[in-house]
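One chain, chain A, appears in both complexes that follow, with chain B as partner in the first and chain C in the second.
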Partner chain A sequence: MDLTFITQHYPLYVKAAVLTVVTGTIGIVLSAIVGLICALTRYYKIPVLRTITVIYTELSRNTPLIVQLFFLYFGLPKAGIVLSSEACGIIGLTFLGGSYMSESILSGFQSIKKAQIESAESLGLTRGQIMRYVVFPRAAAAAMPAVSANIIFLLKETSVFSAVALADLMYIAKDLIGMYSSTTESLLMLVIAYLIIILPISLLCSVLERRLRRGGA
Partner chain B sequence: MAETIIEVKNLHKQFGDNVILKDISISVEKGEVIVLIGPSGCGKSTFLRCLNGLEPIQGGSVTLHGEPVLYGKKSLTKIRQHIGMVFQSYDLFPHMTIAQNIALAPLKVQKRDKKEVEEETLKLLDRVGLAGKADSYPNELSGGQKQRAAIVRSLIIHPDIILLDEITAALDPEMVHEVLKVVLDLAKSGTTMMIVTHEMAFAKAVADRVIFLDGGEIVEEGTPDEFFDAPKTERAKQFLKTFTYSD
Partner chain C sequence: MEGLKIVFEGNNFLRLLSGLWVTIRIALISIGFSLILGSLLGAAMRMKSKAVRAVCRAYLEIVRIMPQLVWLFIVFFGIVRTLGINLSGETSAIIVFTIWGTAEMGDLIRGGFESVPVHQYESSTSLGLTKFQAYIYVIFPQAIRLLIPNIINLSTRMIKTTALVSLIGVTEVLKVGKQIIDANRFEAPNAALWVYGTIFVMYFAVCFPLSMLSTAIEKKQKKLSA
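Right, the complex of A and B next:
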């Protein structure tokens, strides 16, 4: 183990980690928004949109992220649409994450018993108010474990970004191994970097899950 | 002349080919307490649900103060502010405290003043013996307490009528009494109610009028004394017999 190599090259990992966190966070937030919209169209059984959502979900979940990224990075330029590596990474992650989030959020909505909704209806609440005050808070609590798993899954999926020349953590590790044959040091730093990013998020998600479960919801 | 709150004319309800309610006509006057009784599956609960538009009907009409109750229509939101409903399984919202459960409709639907709603919540909780439970969550309460809180939640919107759907059916026997006492008090204070129950002694004590439903139709109707002491129809006699244990 060459400690000098580690001290010399860790700033590259810091820079790549920032890029991973930024692109990952944007992708995850957009995934959650897409997922929420898709879940709502399916929950309310909105004609046409619901069918589109189902087709999108199947397409997104049943193709690997790397294939989606290749399509965006190498395929779209053939149609005259050229996107940066960052944009491809974010769009790809959102395309994949949106369907996973949609399934998790929808299962949260569907966990709310019909009797609860009828009870809210009989109080005169509108459909929007029932979603806001009755369904959503409890659905969020019910969906949180699955949403947390998605967040961590998507963060780990960012390791594929290197395939479209995005200088993320995986890209740096592969680069250093190629240049200096420093497999042990480079992989060790890679593992540590991912742990530093993902462990706190994992803990934060657990805290959020517990908070949302308050009141036996 | 008495003021009619709900008028049901020739109501017909079916699920697929299965006819649940046939040609039901009832009118409920202000201050009246009507008890609906009948064997399980005779359509009592479905009938109550039709009254506040929780179920679509296939024929006839339901009106509240002359306004039609139309399933799935936007006008229902307004109509439901005049109809309180209490369910068998309480259906309080578990993520809200008792006070939040009670204040939801007056604050968000009726847009009433927060302070006034808070004061009335505490007053009503006190009236049903739940003083000090305002900040508890539903899972911290017993079944009887939850049901009393659910009654308060329907009372606070100042409805013209309250529909009570087998509100003691899910309770342990020792908790039935505390809930029924609250309903008896409401009846004494002139609250208009339509009650579905299997508690015959309570039905006799609380009702102004008893309606016996069987097979989706009104078989017999009368005062509690007439119905319980001298039922006219064979079906009612047979039904009442199931509640006695002597030979």
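Right, the complex of A and C next:
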């Protein structure tokens, strides 16, 4: 173990970690938005949109992210659409995450009993009010565990971004292994960097989940 | 369209398929190992000993916290370095996916064991079965039946994740695709679009039927239990 190597090169990892977190966060937020829209179209059974959503969900869930990224990064430019590595990563993650989020959010919506909505209607609440005060808070609580599992899953998936030349943590680690053959140090820093990113989020999610279970049910 | 022609020219399509088989073979072998080891892990997680449960739990969390790609790097680059063993990309991949699959499978199977009602355990004890016999003949067959949809889902996940092995130098479908694109750089400059499009469709053709199957089984089980 060469400590000077670590002190010399850790700024590279910090930079890469920031990139991983930023692209990951943007991708996850966009996934949640796409997922919410898809879940709503399926919950309210909006005719044509619903079919499109189902096709999209199946396409996205049954193909690996790396293949999606290769298509975006190497394939699309041949059709005249040139995307940067960052854009590819974010679009790819959103394409993948959108379907996972939509499934989780939809099951949140579906967990609400019909009687609840009917009671709200009989109380004279408008459709918007029912959505705002009855459906949404309960659905959010019910979907929370699955959504947080998705967040962690998607954060981990960002490690594939290195395949489309995004200088993320994997990319830096591979670079350093290749240049200095400092395998142990590079891998150690890689593991630590991912732990620093994922561990707090995973702990936060399990705390939130426990709290929801105590308060919600 | 000349890009699409390239996909079907000569034995290109066959080469892509055999590339796909490389990753699927890795996935199948790992799924097999994971089922066996995962069953043991699942049973271990239900042991009375707190220490055993804590070790299992720790194993599960440690495996889950890291991206699979990081594990591939650790085994492929790290093991070679620290232990001096030279592992091929394929072997490394099988090791990593077995370790990961065992963790996920173990957690599933633990859940399955828990879903079997207590009286089943009690009845088997009162029949004079040993704990081992009870698990083999009574609990396991019931648990596994309920878990089939989840196991199929995990298998599709593993097939999808094995696509990562191209990043540790295994010549699988993405690598073969790149070779085809490079070989036809001048005749078919837009081959990348079609080749990667084809690979996308290939993965879909493998995973979609599996997903459908698991949904169908799940629906049937729900109907039966309702």
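Note that the second predicted complex is superposed on the first by the 206 of 217 C-alpha atoms of A that agree within 3 Å, B and C clash if a C-alpha of one lies under 4 Å from a C-alpha of the other, contacts with A are read in each partner's own complex, and residues count from 1 in each chain.
As a working rule, contacts are C-beta pairs under 8 Å (C-beta built on N, C-alpha and C of every residue); 3 or more make two chains touch, one makes a residue touch a chain.
All values derive from a computational prediction rather than experimental measurement.
Chemist: Sharing chain A, do chain B and chain C clash or fit in the superposition?
Modeler: Overlaying the two complexes on chain A (C-alpha atoms) leaves chain C and chain B fitting together cleanly.
Chemist: Looking at the overlay, does A:I26 come into contact with chain B only (first), chain C only (second), both, or neither?
Modeler: So A:I26 meets neither chain B nor chain C here.
Chemist: Of the two partner chains, chain B (first) and chain C (second), which one does A:L190 touch, if any: first, second, both, or neither?
Modeler: The answer is second: A:L190 touches chain C but not chain B.
Chemist: Quick check for you: in the superposed arrangement, does A:I201 touch first (chain B), second (chain C), both or neither?
Modeler: Touch partners of A:I201: none, neither chain B nor chain C.
Chemist: Using the superposed model, give me the angle at chain A's CA centre between the CA centres of chain B and chain C, as a multiple of 10 °.
Modeler: Superposed on A, the angle at chain A reads 100 degrees.
Chemist: Once chain A of both complexes is superposed, is A:L125 in touch with chain B (first), chain C (second), both, or neither?
Modeler: After superposition on chain A, A:L125 lies in contact with chain B alone.
Chemist: Identify the partner contact of A:A79: answer first if only chain B is touched, second if only chain C is, both if each is, neither if none is.
Modeler: In the superposition, A:A79 contacts chain C only.
Chemist: After superposition on the shared chain, which partner residues are touched by A:A146: those of chain B (first), chain C (second), both, or neither?
Modeler: Neither partner.
Chemist: Tell me the contact category for A:K156 with respect to chain B and chain C: first, second, both or neither.
Modeler: Second partner only, chain C.
Chemist: Looking only at chain A, is it chain B or chain C that touches more of its residues?
Modeler: If we count touched residues of chain A for both partners, the winner is C.
Chemist: Considering only C-alpha atoms, give the closest distance between chain B and chain C in the superposition, rounded to the nearest Å.
Modeler: It is 21 Å, taken between the nearest C-alpha atoms.
Chemist: Return the residues of chain A at which the contacts from chain B and from chain C coincide.
Modeler: On chain A, the chain B and chain C contacts do not overlap at all.
Chemist: So in the complex, the part of chain B that touches chain A is made up of which residues?
Modeler: On the chain B side, the touching residues are 52, 54, 76-78, 80-81, 83-85, 87, 89, 91-97, 104-105, 108-110, 137-139, 153-154, 157.
Chemist: Residue numbers of chain A touching chain B in their complex, please.
Modeler: 115-116, 118-126, 129, 133-134, 137-138, 141, 214-217
Chemist: Under the stated contact criterion, what part of chain A meets chain C in this complex?
Modeler: 58-59, 61-64, 66-68, 70-71, 74-79, 156-160, 162-163, 170, 173-174, 177, 183-184, 187, 190-191, 194-195, 198-199, 202
Chemist: Can you list the residues on chain C that touch chain A in the complex?
Modeler: Within the complex, chain C contacts chain A at residues 3, 65-70, 73-74, 77-78, 80-82, 156, 160-161, 163-164, 166-167, 174, 177, 181, 189-197, 199-200, 203-204, 207-208, 211.
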